[in-house]
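Take this structure, written in structure tokens, and hold onto it; I'll ask about it next.
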Amino acid sequence: MIELDTLSVTFAAGSALRDISLKIAPGDRLGIVGESGSGKSLLASCLMGMAPDAATLSGTLTIDGVDMSDADEETWRPLRARRVAMIFQEPMSALNPLRRVGDTVAEPLRLHFGLSRDEAAKRVAELFAEVDLPNPERRARMFPHELSGGQRQRVLIALALACDPALLIADEPTTALDANVALQVTDLLVDLSEKRGMALVLISHDLASVARSTERVAVMYGGDIVERGGTDDVLHAPQHPYTQGLLAARPDPQAALRDEQGKRKRLPTIPGNVPPLSGLAQGCRFAGRCALERPDCATARPVPHGPRMLLCPVVEGAA
Amino acid sequence: MTLLRAEGLTRHYPLPRTRVLGPRPRLTAIEDASFTISAGETLGVVGESGSGKSTLARLVMAFEKPDAGSVAFDGKDLHSLSRPDLRRLRPEFQMIFQDPYGSLDPRRRVGWSLGEPLRAMGTDEGRKIADSLVQVGLHAEDATKFPHEFSGGQRQRIAIARAIITRPQLLVADEAVSALDVSVRAQILNLLMDLQEELGLAMLFISHDMAVVAALCDTLMVLKSGNVLEQGNAAAILNAPQHEYTQSLLTAAGTP
Amino acid sequence: MTYFILRRTLGFIGTLFAVSIVVFATMNILPGDPAMSILGLEATEDALAALREDLGLNAPVHIRYVEWITGAFVGDFGTSHSFRVPVSELIGERLGMTISLAVAGMLLTLVLALSLGIFAASKHRQIGDWGVMFLSQLGIAVPAFWLSILLVLLFAVKLRWLPPGGFAGWDDPVAAMRSLILPTVALALVQSSVLARVTRSSALEVMRQDFTRTARASGLSQRRILWRHVLPNALVPIVTIVGMQFAALVTGTIVIENVFYLPGLGRLIFQSISNRDLPTVQALVMLFAAIVVTANFIVDLLYVVIDPRLKARQ
Amino acid sequence: MTRLPANFLLGAVLVSLMVGLAALSLVWTPHDPTALDIRNKFADPSMTNWLGTDKLGRDVVSQLMLGARNSMTVALVAVLMGGSIGVVLGLLAAGIGGWVEDLVMRLADLSFAFPALLFAIMLAAVFGPSLSNAVFAIAFINIPIFARVTRASANQIWTRDYVMAARAAGMGTFAISRDHILPNIAAAIIVQATIEFAVAILAEAALSYLGLGAQPPAASWGRMLSEAQTLMYLAPELAIYPGLCIVAAVLGFGLLGDGLRDITDPRLVRER
């Protein structure tokens, strides 16, 4: 359905996405994991045709067999909401504060499907019920500030579902929410994807929520996908040094806190800092922080290999 | 030995009036919180937005006064001290903040910012600035640079260096690692553990993330909407949470 | 919400009261002898004393204030000693002119500013944006009175399309309208330059917010996003500036009336200054200040209509 | 340093031109600007009188230069006076808070009811019109403007973590205002001052035009225009030059202020 082939995005400061290849089939649930500056949100905006004006795209981005990599706004517009929909991190600011949320959700219905006011209101109530908003008719008449953070995110999900998209992109949908609300929202997304046969791309820095909700995962670092495979395989047996470091650096609340001498256990760390866009290496972008680094890692472009896609010249890929 | 003793801490914020008559509505930020921190020990406070954890930090730092309750540091009631006495005591308890980009004055060199607590105390800066930079894993020469020349993780190191430069007994950390990437977060957590062992620091460590608190704390306090849900030994709570809410926080922090 | 309106109304009355004190104090307590400034330095002591008595200057200051403010409350601003008629009568005759000019100026300002501002925002960083921005920058820099002179030079002196100034009364509506065209344009061009810039920048601010991205992601057209989502949200800061511009509008009206010799309140105030007619000046200053305060009060109430969040919060 | 914005450069050129003319007039003008020469009235531009002469035969260029000096002086004095009082009030309001802040802001609200013109009218009615009244009126309206800008930006800085850190270190309100608040809001204040400078030039011109400012024979652009207006049919060009000067000066400071804002506004920097 959606296919990226060596898609790259370049800014004046440097290259922000490098040779990204991905396939998303109907009903797929794909997690994209990475820290700040990994390019995961930029990748999401590319899938919506909403990359910043300053960005230069190369490679191909195919939706339903049509190459959209240099399509203009008018070509993209019919696809948005109907083929690809998106929800964002901040549910408060993502809703127009001056409009009743029901009107916001009804707008694309009336615009794209030509529904009448009453038909649209009815459909909005159905959608609100589908995303588990209690008392849908009443909620529809409320303003965003009258709803809680979790309810707002549900409204945004309903808005995204309004035109039956084939793919829903969720960009850090739970980061701004409290923990138990976040769990509910994540579970709702999985549920909707299964019921509707809708593909889901979940972008997150939170490994736990990706583990909970996706079948496949792509780990990004510095604009590269460094490792890609089944979610369980990647998160339980990571092969790329970066994925390994990232997983190890998470403190485990259930693990023993102190060693035999009664000293606190230190966490395994990845040395150094996430490099800025302009400071990325020509070769492997993880060079400089990697424990397995060889002399030519920083200069030689790594080639993706292995049954589980791996972008590391040192590690031999395995399934 | 008890270093900090908070008893019955309560703080309300007045909300704007909505009707002409009747009492003014108010928001309960924190209600009847009591806890102690012993020298060299770490108390973790876990809670989400609106739980009152930041209010707790401001009360302990004596940035604002509680509506009820008291905070005693080293036996002295912080909120009844005179302003000069409070200022003289301040070097003993310091704070680090969430946003590494907001906690350093962008117009001041790192060395100037590090020297501020010393100047406030009226002590000589001497080699202390260079020493504390080295102590947090940076270089003495970094004192002449500006904050924007550093990454987020490095800035948090600088903020920590400033907080320990007066050799405090207590460090209050409000979401100090939340804004950092996972790979950098572990470095800062390790640094805090190192410093705690070297300096015998006691810590009040506030976070929304159970996993981070677990890595660092001896005792735990779980806050929700201003109320203390449960508190006690960290390992005990982590292994057998009494409250459903605590359990959901643990699930959220769970390993993938 | 009732509480909000009640509180604003009380604040409004309080401000009016404070304004009256400031006006009265400036004109009555500042070191300066009104009688002397009316009659000049050569006046005899007897004449001065007589005038002081006449103006009621011998009563204590607070008594005079109370008399003035209670009188003003029922529309009695005392008697103009140069025109020898009640001040309220002078004001009544000229109020129509000033209000017509101000209202026409404001309307033209709003039309120009909103359309130009939104246009510029929609062409952000393109030639249309630069053009509007340059013209408005120029419009801000041009003094209204000089613009008036230029307009008169072009349309009255050179082309002879419109009268250069003066006003023959409302009896001939066409002639009256013709006399008001140039003043209205002069007033509105300068005002709308400021407002167009505000409109553009607050529209751009809104366009940067997340919900415009949501609207775009829902497949809405650029036009629809601009008029249905961006403009309503941009209105909040725009209304604020409109409220503040009433001060400038009042000033502008006073100046423009003097440039075009229009028989309004602004003209009256200057005649009164030349005539040393303090009661009239005092009444007019109070009136103008009250207009500004009232305009801001109305704007405060307008927020509640525009922004549902305020209803809930206050 | 990145390339300077065009509005900043154009503004800087215009401002230096006007300030240069004003400064030059202190030591040299082509003619004595007040010297009358009735026989040479309404002279066309020539080698001796570059822009001709007015109805009393005075040299227009010399008068314009004096007008520049007058404008700059009035604006400088008024903005400095009003601005420094306003900045101090704003810092106090933000630093102390509570009733002090309420009082300052109430007073600021109140003074917005009095545009400079109304204030000047009151002063002129009591004391008679004079340039110093005009300066005072313009300075007065600058107080609440600067108080508000200062308070708003200072309050923002007061919530920053580095200010909290300074408080934690034991720094007092005065020391924090001096070490952290003022340096971090200086840019905003300078931008505001530049823009208010432009506004002050406009206000002085309007007041002098209306007869509430500079009194004859003092040279002022506004007064030159009011004289020229009465001679519109006789010598329309006399109504052009002073207006152009006002526009150039106001435009210059306005562009300079906008340019400075573009340079110093961190939001815009991040966007680049």
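Every chain is named by a letter (A, B, C and D) in the order it is written, and numbering of its residues begins at 1.
As a convention for this text, contacts are C-beta pairs under 8 Å (C-beta built on N, C-alpha and C of every residue); 3 or more make two chains touch, one makes a residue touch a chain.
A quick note: this is a predicted structure, and the numbers were derived from the prediction, not measured.
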* **Touch-network distance, chain A to chain D, counted in steps** => 2
* Structure fact -> Most contact pairs found between chains C-D
* Could you please state the distance in Å, as a whole number, between where the Cα atoms of chain A are centred and where those of chain B are centred? => 32
* Asked: Rounded to the nearest whole Å, what is the centre-to-centre distance of chain A and chain C, using the mean of the C-alpha atoms as each centre?
  -> 53
* **For chain B paired with chain D, centre-to-centre distance based on mean C-alpha positions, whole Å** => 47
* Structure fact -> Check: chain C positions touching at least 2 other chains come out as none
* Structure fact -> In the complex, the residues of chain A that touch chain C are 48, 50, 73, 77-82, 85-86, 88, 90, 93-99, 107-108, 111-112, 143, 145-146, 156, 159-160, 162-163
* Asked: chain D touches which residues of chain B in the complex?
  -> 61, 63, 87-88, 90-91, 93-95, 97-99, 102-108, 113, 116-117, 120-121, 159, 162-163, 166
* Structure fact -> Residue set of chain D touching chain B in the complex reads 160-162, 164-172, 175, 179-180, 183-184
* Mind listing the chain B positions that touch chain A in their complex? => 48-49, 151-154, 181-187, 189-190, 193, 196-197, 208, 210-216, 234-235, 238-239, 245, 248-256
* To do: Going by the contact rule at the top, pick out the chain A residues touching chain B in the complex.
  => 35-36, 178-180, 182-183, 205, 207-208, 210-212, 235, 245-247, 249-254, 257, 263-271, 273-274, 276, 289
